[in-house]
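In what comes next, subunit A is part of two complexes: it sits with subunit B in the first one and with subunit C in the second one.
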Partner chain A sequence: MAEQRFIIQRYDPDSAESYREEFSLDVQPGQTVLDCLNAIKWEQDGTLSFRMSCRHAICGSCAMKVNGSSMLACQTQVSEAVELGDPVEVAPMGNQTVIKDLVVDTTKFVAQFERAETWLEPHEDQEPPEREYRQTVEDFDHWSHASTCIHCGACYSDCTVAAVDEKFLGPAALAKAYRFVMDSRDSKREERLKFLAETEGGIWDCTRCYMCVQACPKDVLPMDAIMELRALSIEAGYTNNHGSRHHKGFASGVRKRGRLDEASLPIQSVGITRLLTLNIDAHKEMLGYTPGAIRLLKTRKLLEAAKRHGASQDGREHIQRIFEEVEAEKHHHDVDADAFAAEFETALGSG
Partner chain B sequence: MLQHDVLIVGSGLAGMRAALEVSEDPSLDVAILSKVHPLRSHSGAAQGGIAASLGNSAEDSWDLHMFDTVKGGDFLVDQNAAELLAREGPENIFELEHMGCAFSRDEQGRVAQRRFGGHTAPRACYAADRTGHAVLTVLFEQLLRRGVKVYSEWYALDLVVRDRVCQGIVAYDILTGQIEAIAAKAVMFGTGGYGRAFRVTTNAFASTGDGVVMAYRSGVPLEDMEFVQFHPTGLQGSGILLSEAARGEGAHIVNSDGYRFMADYAAGRMELAPRDIVARAEQSEIEAGRGVTDLQDSVFMDLRPIGEERIRYALPSVLHLARDFAGIDPLVDPVPIQPTAHYSMGGIPCDINGQVRLKDQDDAPIVGFFAAGEASCVSVHGANRLGTNSLLEAVVFGRRSGRGILDVVKDLEPTSIDEGDMARAIGEVDKHLRADGPEKVGAIRAELRDTMMDKCGVFRTDEQLHEALADVKSYQERYERSSIDDHGQTFNTDLLDAVELGHMLEYAEVIVSGAIARQESRGGHARRDFPERDDDNWFKHTLAYREEDGPRLEYCAVNMEPQHREAFPLQERTY
Partner chain C sequence: MKYAFWPGCVARGAAPELYTSTLAVARHLGIDLVELEAAACTGAGIISDGEPYLQDVLNARTMALSEQMQLPLMDICSTCVGVHRLAAEKLRDVDYRIRINHHLAPEGLEYRGSADPRHLLWILLEDIGEDRINSLIKRPLDELNLGPFYGCYLVRPERTLEFDAHPTRRNSLERLISMLGATTVTYDGMTKCCGFPILTTNKQNSLTMAGTHLDEAQRMGADALVTPCPLCHLNLDAQQPDAAKVIDRRLELPILHVPQLLGLAMGLPPEELGLTRHVVDTRNLLNRLGV
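This part shows the complex of A and B:
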């Protein structure tokens, strides 16, 4: 038994006062952060509020920040938390409004599932079979990990896009959308891919920071799901959006020059056709690049980028071969977005 | 006053399945109310599977499922209910599958099925070892699709019944601290079980028997409350559930000698005997000094015979739970386990359509009041529930309750709730917010849970049960002198803890009283001083009515009238 200090971020809704409060208690080996919060609440200060229920990482109630990262309090051993910082700092989840102490308003998070319509839409035009639909083990194994989401919100809490973009659907809802895109029983695969590719705050807004995968207490791998959705939406032809044009411009630049063509990428992302047809939104998007471009000009980076013509002949040929192999591979298998990206990065390195 | 045609209290499998059924009629206004967000409901913690005689893995039939259920329940099962459970099982599974439930698959692409305790065929349909989560999720998704109104984080304080007609409920909005009346022509309780009164339990903090006690206070008797299931494979100390699926997949249970002691208790089924039998065997080994670890309060479950690959694929949660909560890697070491309070066989008496009935001589209904799932007592599990039958019960009887409501609700008169109906609930909240007594809720609750575990646990005796009763009475008195710290309106969980403790103290007395009276051993109720089942005197359900000085016990007959076959006659229960 050892004395352990906790610093808890508190918020009193009646006085609208935020403050940090320290508590000390004896901790037994094997105790979780939730055990300690309960001990504090029951023995020291009953006003401390937090959500919790199952205490074994399945109900998803007790996600909060422990030493800065979002996790389930019930699944986190104090001994692990201490490794990240001592005293242990406990704070409410991020990207959501605090109601009281560690309790946040989850309305926005929950609404994302409704917006993404993450439920099975059965085939309207055909009766379901008398027994179950058949699904192969391989099929099931491909997406079932994404169905293990416990909707705790830890991923959303640590999401770097959600921090700046209220409209971002967020990792959990997107991963759940992926699960239905992949489920052969669902009738709305195409509509889902179109929506996810084109809606504001959809799959192309993810910055691949990986925080969601780190925060997830289950095996959902939200970012991987988002990347796979990107590949699937391009395959399905939903390419009339900034993200996929950027992707395409990125790839074609590399294919042509053997290296990233930063100078022309913004034009390709916004879309040459859209710019030429004087699409107002396209020009607004273009203007959005201006501050960055000015910074690049100031540091002469853009000029340097424009001056360089690309990789050596050998490098370019190597890259060409990679593209050809990946394309051949695509005919045989589903696109593996991660493998694709990894090859890309290797290619850039050698270019 | 808020108003709906139908109000479902509780958002686990039973409640959501009922709501989904009622929402089939778009002219009806249906709402769900729950003290936790629906996705936090404790049904989601069920791991191993949901039973149905699909026959995907081996030949099976509803008769066999029904027989296993009746025998598993030590014949205290209402056979008309068990018949429906078994007969309607497959269609309910297919329905969930059509809704998108993430069931694991077999080589033919069908719903995979595995073995489970007390079932003679591999009958447990599963989603790895997170089946409850998969079913709960899919039901919530479909409710969202239908746009059903949800009162999330609202706490029901009272059921309002006037002249045996249900009027609605009085509820507390946890976010704002406001108390509201919600009138409804039909109210269904799917409020879950009451395992939280025991120190070692698998149950969520939320499983405090609120609905059961609200019904009890409103004049409904409680049925068979003394039957509490102890699950044999709780993690030592915390009691966190390790799925029976582990044994279904081939895990061994051994004592300190490394001996698979189930050979001495149920040689025919070994580790896959029903839970009450395995739990008693463990407790007996522990009490005989053959326990493991320093505390000698547990035995070992060894998953290694299953093989690493299969453990990783079929039992990922078991693997994670042992690692995260006990620091043990089941691929390398055996896991210390002990009996843990798991399931409440007793509850609110109702018929096969979810209609709550007094089960007295007239079998009078409480008009407009329905119940399903663990909060109810149909009674489909009798004295002991078989694993994977609870999820099935919640779905089958949730759906049946929904249909039962649809059958009657249009003929029911509008109801109302007046200030007088709200007085008790308002008074209770007010009392807690103003109280300044010396006793603390957390301390009383801890003592209650010790008492129930140590004196009303796996094995019981007259002497210990009387001690338990005296303890509970003393806790009730101390509770009257308790106070809380938080006097605020917003998200006051301190207040809810206090209200929940009141419920626990109320039903604990009913459990103990029923256990004292029942001088026999049957299913989950094992008396050291009356070790045999006594069909001559005790082949009957307990009904506990609330009186000023404690429960008044009466009894009613077990249903022996299934519709599609002869009843299974009483026989000795050996495995």
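This part shows the complex of A and C:
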């Protein structure tokens, strides 16, 4: 048994006072952060508030920040937490309003699932089955990793986009939307992909920062689900957006010279067609790039970018050949599905 | 010491000072860099937005090139390291590797799965070591308070970066900063996203992210930030005036690349390190060092 210090972020709604309070208690090997919060509440301060229920990483109630990162208090051993910082700092989840101490208002988080309509929309022309809607094991395997979400909110709490934009659907709701896009019993695949690609705060607003993958206690890999939704939405033809134009422009630059073509990418993202058809928003967006471009010009950086430093000639030929081969192969076999499968297996295998 | 060197596109484009400062520092450290001129862009996670398989083939090829040279692979861009390592991780699967190697065979290449792509920052700590670095310091940075700015790919996902096997990677920037005599300023935003990946899709969100982190670091007393990622550098330095407008704060925080910081401590002239080519003026910072 050893004495362990905890610094807990407190908030009292009656006085609207926010403060940090230190507690010390004896900790046994194997004890979790939640065990300690319970001990503090029972033995030192009965007013300390936090959510908890199952203590087995199933109910998703006790997500909070431990030493700055979101995790389940019941799944985190004190010995693990200490490695990331001692004394152990415990704070409520981020990106949501605090109600009291470690309890946050999850209304905004839950509302994102409603916006993304994350429930089964069965085929209307089919007779409802006598019992449940069923599917094969093979069909389930396509999205099984996304089925383990317990709605704890750890991913949303650490999401770097949710931090600056309330409209962003967030990793959990997007992973759930992916689950229904992939579900063979669902009838709204096309509508879902269109919505996710085109709505404000949809799939293209993710920064690929990996916070959600790191935070998720159930290996849902929300960011990977968002990336697969991007590929699926492009494949389904929902490409009239900055994100897919950015992807296309980026890839075509690499195809030509083997390297990123920084100088032409903004124009490609804004959209050459939009610019040529005198779309006012598109021209405003281009104007928005001007101050940045002038700064790069003044520091002689734009000149470097405009040199379009490419791969060696020999390299370019092979890079172009690879682009052509992969494109041809796509018609015969879903190579991208192989790539995603490899990613999920790798992540889960070592997780 | 000799490395297969992948500079990445941005160091050969809009962040040329990263390339020149890397070469300058390598020369003084006695590191031999063989540039991978035939290699392709990593795809930066953007090619994989629509074509993850294609991105894996391109990176398998780069790693196969380094295997062919029998040299360890060195990146100087966090995003490149992250994408290379994610590809290397997936390509441990033999069936997937066989499939991908079909595209490399016409060039006489085969990726055998041995690559361990690392960032210059890790190589400094893991291969060069503190003693050698200490012996080369001519201008200790005692006067400076420096904020680390990791961005994403050098801190997440932890499994891919093998933090468990290499615990020094968890706080590599803080280690380098203190090795060079400066004081580390810690702040919440140091491991968050700079916003650059969505600059062209959602400028408001992108610059709010950059501005928030810059403002926080400045308020915590940082004289400058140091970053291992040239993409972060673009959003934090080149976009700083616009980010200041978006968050409505005054920002004036120079952003240094890792080899620039090391080069300053090694006494190299600012011109050689490209410190005169930043959008946010580095003169005050250099004055404090008496340069």
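As a convention for this text, the second predicted complex is superposed on the first by the 307 of 351 C-alpha atoms of A that agree within 3 Å, B and C clash if a C-alpha of one lies under 4 Å from a C-alpha of the other, contacts with A are read in each partner's own complex, and residues count from 1 in each chain.
By definition in this document, contacts are C-beta pairs under 8 Å (C-beta built on N, C-alpha and C of every residue); 3 or more make two chains touch, one makes a residue touch a chain.
Because the structure is a prediction, the values reported are computed rather than measured.
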| item | value |
| --- | --- |
| First, second, both or neither for A:Arg192, with subunit B first and subunit C second | neither |
| Which of subunit B and subunit C A:Lys100 touches, first, second, both or neither | first |
| Which superposed partner A:Asp314 touches (first subunit B, second subunit C, both, neither) | second |
| A:His56 touches, of subunit B and subunit C: first, second, both or neither? | first |
| More subunit A residues in contact [subunit B versus subunit C] | C |
| Contacts of A:Pro13 with subunit B and subunit C, given as first, second, both or neither | first |
| Which of subunit B and subunit C A:Arg230 touches, first, second, both or neither | second |
| Contacts of A:Lys65 with subunit B and subunit C, given as first, second, both or neither | neither |
| Partner chain(s) touched by A:Met211 [first = subunit B, second = subunit C, both, neither] | second |
| On subunit A, positions contacted by subunit B and by subunit C | none |
| Residues of subunit A touching subunit B in the complex | 12-14, 30, 32, 41-43, 45-47, 49-61, 75, 77, 99-100, 103, 106, 110, 113-114, 117-122, 128, 130-137, 139-140, 144, 147-151, 179-180, 183, 185-186, 219 |
| Of all residues in subunit A, those that touch subunit C in their complex | 68, 160-161, 163-165, 168, 204-211, 213-214, 227, 230-231, 234-235, 241-244, 246-248, 250-251, 254, 258-260, 262, 265-266, 269-270, 285, 288, 291-292, 295-296, 298-302, 304-305, 307, 309, 311-312, 314-315, 318-319, 321-323, 325-326, 335-336, 338-340, 342-343, 345-347, 350-351 |
| Of subunit C, residues touching subunit A in the complex | 9-10, 12-16, 37-41, 43-58, 61, 86, 89-90, 92-93, 96, 99, 103, 106-107, 152-153, 156-159, 188, 192-193, 195, 197-198, 200-203, 205-206, 208-209, 212, 238-239, 241-242, 277-279 |
| Touching residues (chain side subunit B, partner subunit A) in the complex | 36-37, 39-42, 44-45, 54, 90, 93-94, 97-100, 102-111, 127-128, 130, 133-134, 137-138, 141-142, 144-145, 175, 204-206, 237-238, 240-241, 316-317, 320-321, 324-327, 440-442, 484-486, 488-494, 497 |
